[in-house]
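We call the chains A, B, C and D, going by the order they appear; numbering starts again at 1 in every chain.
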Amino acid sequence: MKKLINDPDRVVLESLAGLALAHPEILRVSFDPVYVVRADAPRPGKVGVISGGGSGHEPMHVGFVGRGMLDAACPGQVFTSPTPDQIEAATRAVDGGAGVLHIIKNYTGDIMNFEMAAELCRAQGITVRAVVINDDVAVEDSLYTAGRRGVGATVLAERLCGAAAERGWALERVEALCRRVNAAARSMGMALTPCTVPAAGRPNFQLGPDEIEMGIGIHGEPGRERTRWRPAREIVARMTETILADLPFERGDRVIAMVNGMGGTPLMELYLVYGELQPLLEARGITVARRLVGNYVTSLEMAGCSITLVKADDEMLSLWDDPVLTPGLRWGA
Amino acid sequence: MKKLINDPDRVVLESLAGLALAHPEILRVSFDPVYVVRADAPRPGKVGVISGGGSGHEPMHVGFVGRGMLDAACPGQVFTSPTPDQIEAATRAVDGGAGVLHIIKNYTGDIMNFEMAAELCRAQGITVRAVVINDDVAVEDSLYTAGRRGVGATVLAERLCGAAAERGWALERVEALCRRVNAAARSMGMALTPCTVPAAGRPNFQLGPDEIEMGIGIHGEPGRERTRWRPAREIVARMTETILADLPFERGDRVIAMVNGMGGTPLMELYLVYGELQPLLEARGITVARRLVGNYVTSLEMAGCSITLVKADDEMLSLWDDPVLTPGLRWGA
Amino acid sequence: MALGRDDVAAWLRALRVVYAENKTLLTDLDAAIGDADHGINLDRGFSALVAELDKNAPADIRGLLQTTAMTLIRHVGGAAGPLYGTFFLRAASACAGKQRLEAPDVVALFEAGLQGIVERGKAAPGEKTMVDALAPAVEAMQRSLGDGGRLGDILQAGAQAAEEGMKATIPMEARKGRASYLGPRSVGHQDPGATSAWLLVKTAAERWR
Amino acid sequence: MALGRDDVAAWLRALRVVYAENKTLLTDLDAAIGDADHGINLDRGFSALVAELDKNAPADIRGLLQTTAMTLIRHVGGAAGPLYGTFFLRAASACAGKQRLEAPDVVALFEAGLQGIVERGKAAPGEKTMVDALAPAVEAMQRSLGDGGRLGDILQAGAQAAEEGMKATIPMEARKGRASYLGPRSVGHQDPGATSAWLLVKTAAERWR
């Protein structure tokens, strides 16, 4: 395993040290327990918005801490949920008296750790609400499973809820928005190569020189099927059709679209993917009202991409355009 | 070769098609000849700032077109200089009567193609000035070679000259600034893995499972030496010392620092690298006044990083802080 | 034979060794149907536990188990952190006020721990989780206790039932946790959490003979 | 024997085939000391040239060479684009007004082309570039012409000198172009541009016998 690291067990901490040095105007890092928090937290009277999860998906979540997005992020070990003490401390650090929203990706570990933290916080009189993001159409949604994974929609939910909280919305309203965004969002991912978790030291799965994995999760969890490589056009068409059929999206819908790189795919290819996506949507009468193209929810150096679409209404688009100032997403500021 | 592409020969064009769809408020793409230009070009009375070079380094250069940075970019085939007709057409498209600055990375091909284009433009009465960027300390600078390669400093020069042009500076002054930035800038890169040019279909060099290449160029050109993997701390120290000794940088200097990913290295590792760099600089009395950490000058999916330092004066820092609105770099707008 | 505080501490320290030794096995099992970290997570957690015990060892059984709970909750993360954390939290409560654990107390400890995991994870038997090793283990211990078994026999019965339960997870389709995303593709693999749960009981059986 | 417009066109079309056949060779040579695109670049350029000639073939020699220049300049990029583009631009000027090329005209064509490359690239012989194949080729052609050689012999002499010049680049240390970044590490590799230049002359010798 060749990586730009010193010690596999200290990657997350040492990376956070660099993040803290690089963005002192935006955020602070607590190391015991570990969390990243807005430099100006807590903001009295403002709802706090928090997320967290395993590390290795950067810029999500730590790179989305800042004005108009997250008040704090709790990074776990690579691909491992954070622990309740981190989440509790972060929640306390951002509570400005108006309550705190936990945005949780739907993984058993994340949910249980956030639940334990919420119990601890509520015992201290902090109002905590939680919304679980589960947008991954590659996974069957069933009462008999842990349900769909939370993937790309998390970024959009964090951004929109962050903007709403910044506007001074009450906790219930921010929570409702988060549920609305999640309900209107669908994602699907694919991988061309695996990635290597530093502590594991070897690739987390194997793909043949001509194989791809459709419907992959952001931790390299196997997806819908393993197939032979196909041209980007066919891959994008498959992903898009699966997504569109699921909600379903309809003629006249406006969407926020994200073409997300898994980490090891050049930006050149991500734009090529976007160039395939938008015409497909237009042909079905769907307008891309806003978009992100780049690396937002990565899986270390995995090559591949995901597509996320959120049906957006006027309010969401207006929130989207509000200023945001984080290491990973920035405009209007 | 598994990539998110359709046809190796059409990668650049299809990627630009996606770029155009994704950023209509910022830029337009001409396909014959190929160049990317600000949506509002030409701006009467404003100096035009243009760069270009082989594709595969995205976001550089096409992702840096927009307010406060490049007026146009000329993308060549992957890792191949653009051609004079592209550069000439782009120059004409941005000329607002105040002349045009060509920012050229020091590669024989780039220089010759830009020179031919400049001849064509001058014949049409457009004032063109050219500055060659050559910041790569890994290459010996000698009268008997093509000299040092242009690498990371190009991004900083594009940003600062773009800001200056936006302020209405005259061509001579923007040109002088560009030379000043280049003279004050030094970079060095390293690679952990090779990359695959789509048209070639296989990796452009080979590295053993435990080997790294120090001083690599952004096209995978071999560097100073091939060594065994070392911890990030040692790698950063080597690069930093080489850079600092070269100018030399001195106690009390303020710098703009860039920790740049080569494409295939996770952001987590880039922040870790920054976390090693800043303390090293501080220990020598050098202040990091501004910084970029991320993928700015990539080599497709190569894993590795580069470090760029520019000695900055008040004027440069003030220009740096001006608004910039491009797909790849954005603040204050 | 009744267990004292030091016996409990010895079990916890032995677990640290056992999970270190089985780090790769557990991680490999998790690689097949999860995210390849179960062994790493437990190794990190129990290393931290021993470091904590070295620094600051509680004087009673309940304290030991509570420290274990808090340390695992803080250091394991993932699904296993809250699950085993809750196990030890409930186990600690079950031991409240006890200086020594007789056979019924030990069974009660495991019962309470299992109950905690079930409440936290909401998994029923047959869903391919650690419950599939722990639930039969607790039943077997209760049965053996009812039959008048000695502590060593009780734990032996528990360990054997845990092992059988663990093996029974192989043909199951996962319905909880990360492996459930795989649906039918999860069949044919042994559940990592059931495996670490078996080690938990087995180590107790070996220590507390 | 004098060459007409169609002979020149035949040479250009033959070059397209030759560079297609040698695409991998040239790219591999460039991979060793450059950026692995020389063969790809020339193949793209000469493919575009043939497409252009198919659509819109100029009626005279000068026009053919000028179209070649413009097409290469537009489609090759890198160092080779301006260099070979300038070669054909100057070659076109050297042929201005000529309906047929006698032996001295052919030598003048190559002379002018070489001169263009030298001015554009500022490379002197011995710097491990295409000049190291072309300069000896032109000298040999001039010598053979002075010796009263026939066109076929002249070109044969040129091709042979180009081949020797190309091989002579192997021990050279590059001082121009991308390979110069390698310094001493460029020694021991044949220059890709010298190789494509040899093919340029060799193909003329084969076509214009």
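Everything below uses one rule, namely that a residue touches a chain if its C-beta (ideal position, glycine included) is under 8 Å from a C-beta of that chain, and two chains touch if they have at least 3 such contacts.
Computed from a predicted structure; not experimentally measured.
J.: Which neighbours do chain A and chain C have in common?
T.: none
J.: Can you name the chain that lies farthest from chain B, using the mean of each chain's Cα atoms as its centre?
T.: Farthest by centroid: C.
J.: So how far apart, in whole Å, are chain B and chain C when each is placed at the average of its C-alpha atoms?
T.: One centre to the other, that is 55 Å.
J.: Counting only Cα atoms for the centres, state how far chain B is from chain D in Å.
T.: 32
J.: With centres defined as the mean C-alpha position, give me the chain C-chain D separation in Å.
T.: 76
J.: Tell me, which residues of chain D touch at least two other chains?
T.: In chain D, no residue touches at least two other chains, as defined above.
J.: In chain A, what residues contact two or more other chains?
T.: Where chain A meets two or more other chains at a single residue, that happens at 78.
J.: Touch graph across the chains, line, ring, star, complete or other?
T.: line
J.: Who touches whom among the chains?
T.: All chain pairs meeting the touch criterion are A-B, A-C, B-D.
J.: State the interface residues of chain D toward chain B in the complex, per the touch definition above.
T.: Residues 27, 31, 34-37, 40-41, 44, 73-83, 85, 120-121, 174-178, 180-183, 185 of chain D touch chain B in their complex.
J.: Mind listing the chain B positions that touch chain D in their complex?
T.: Answer in residue numbers: 9, 33, 54, 76-85, 107-109, 112-113, 115-116, 139-140, 144-146, 149, 197, 199-200, 204-205, 217, 219-222.
J.: Can you list the residues on chain A that touch chain B in the complex?
T.: 2-7, 11-12, 14-19, 21-22, 55-56, 58-59, 63, 78, 192-193, 209-212, 229, 231-233, 235, 263-276, 278-279, 291, 293, 295, 298, 300-301, 303-305, 327, 330-333
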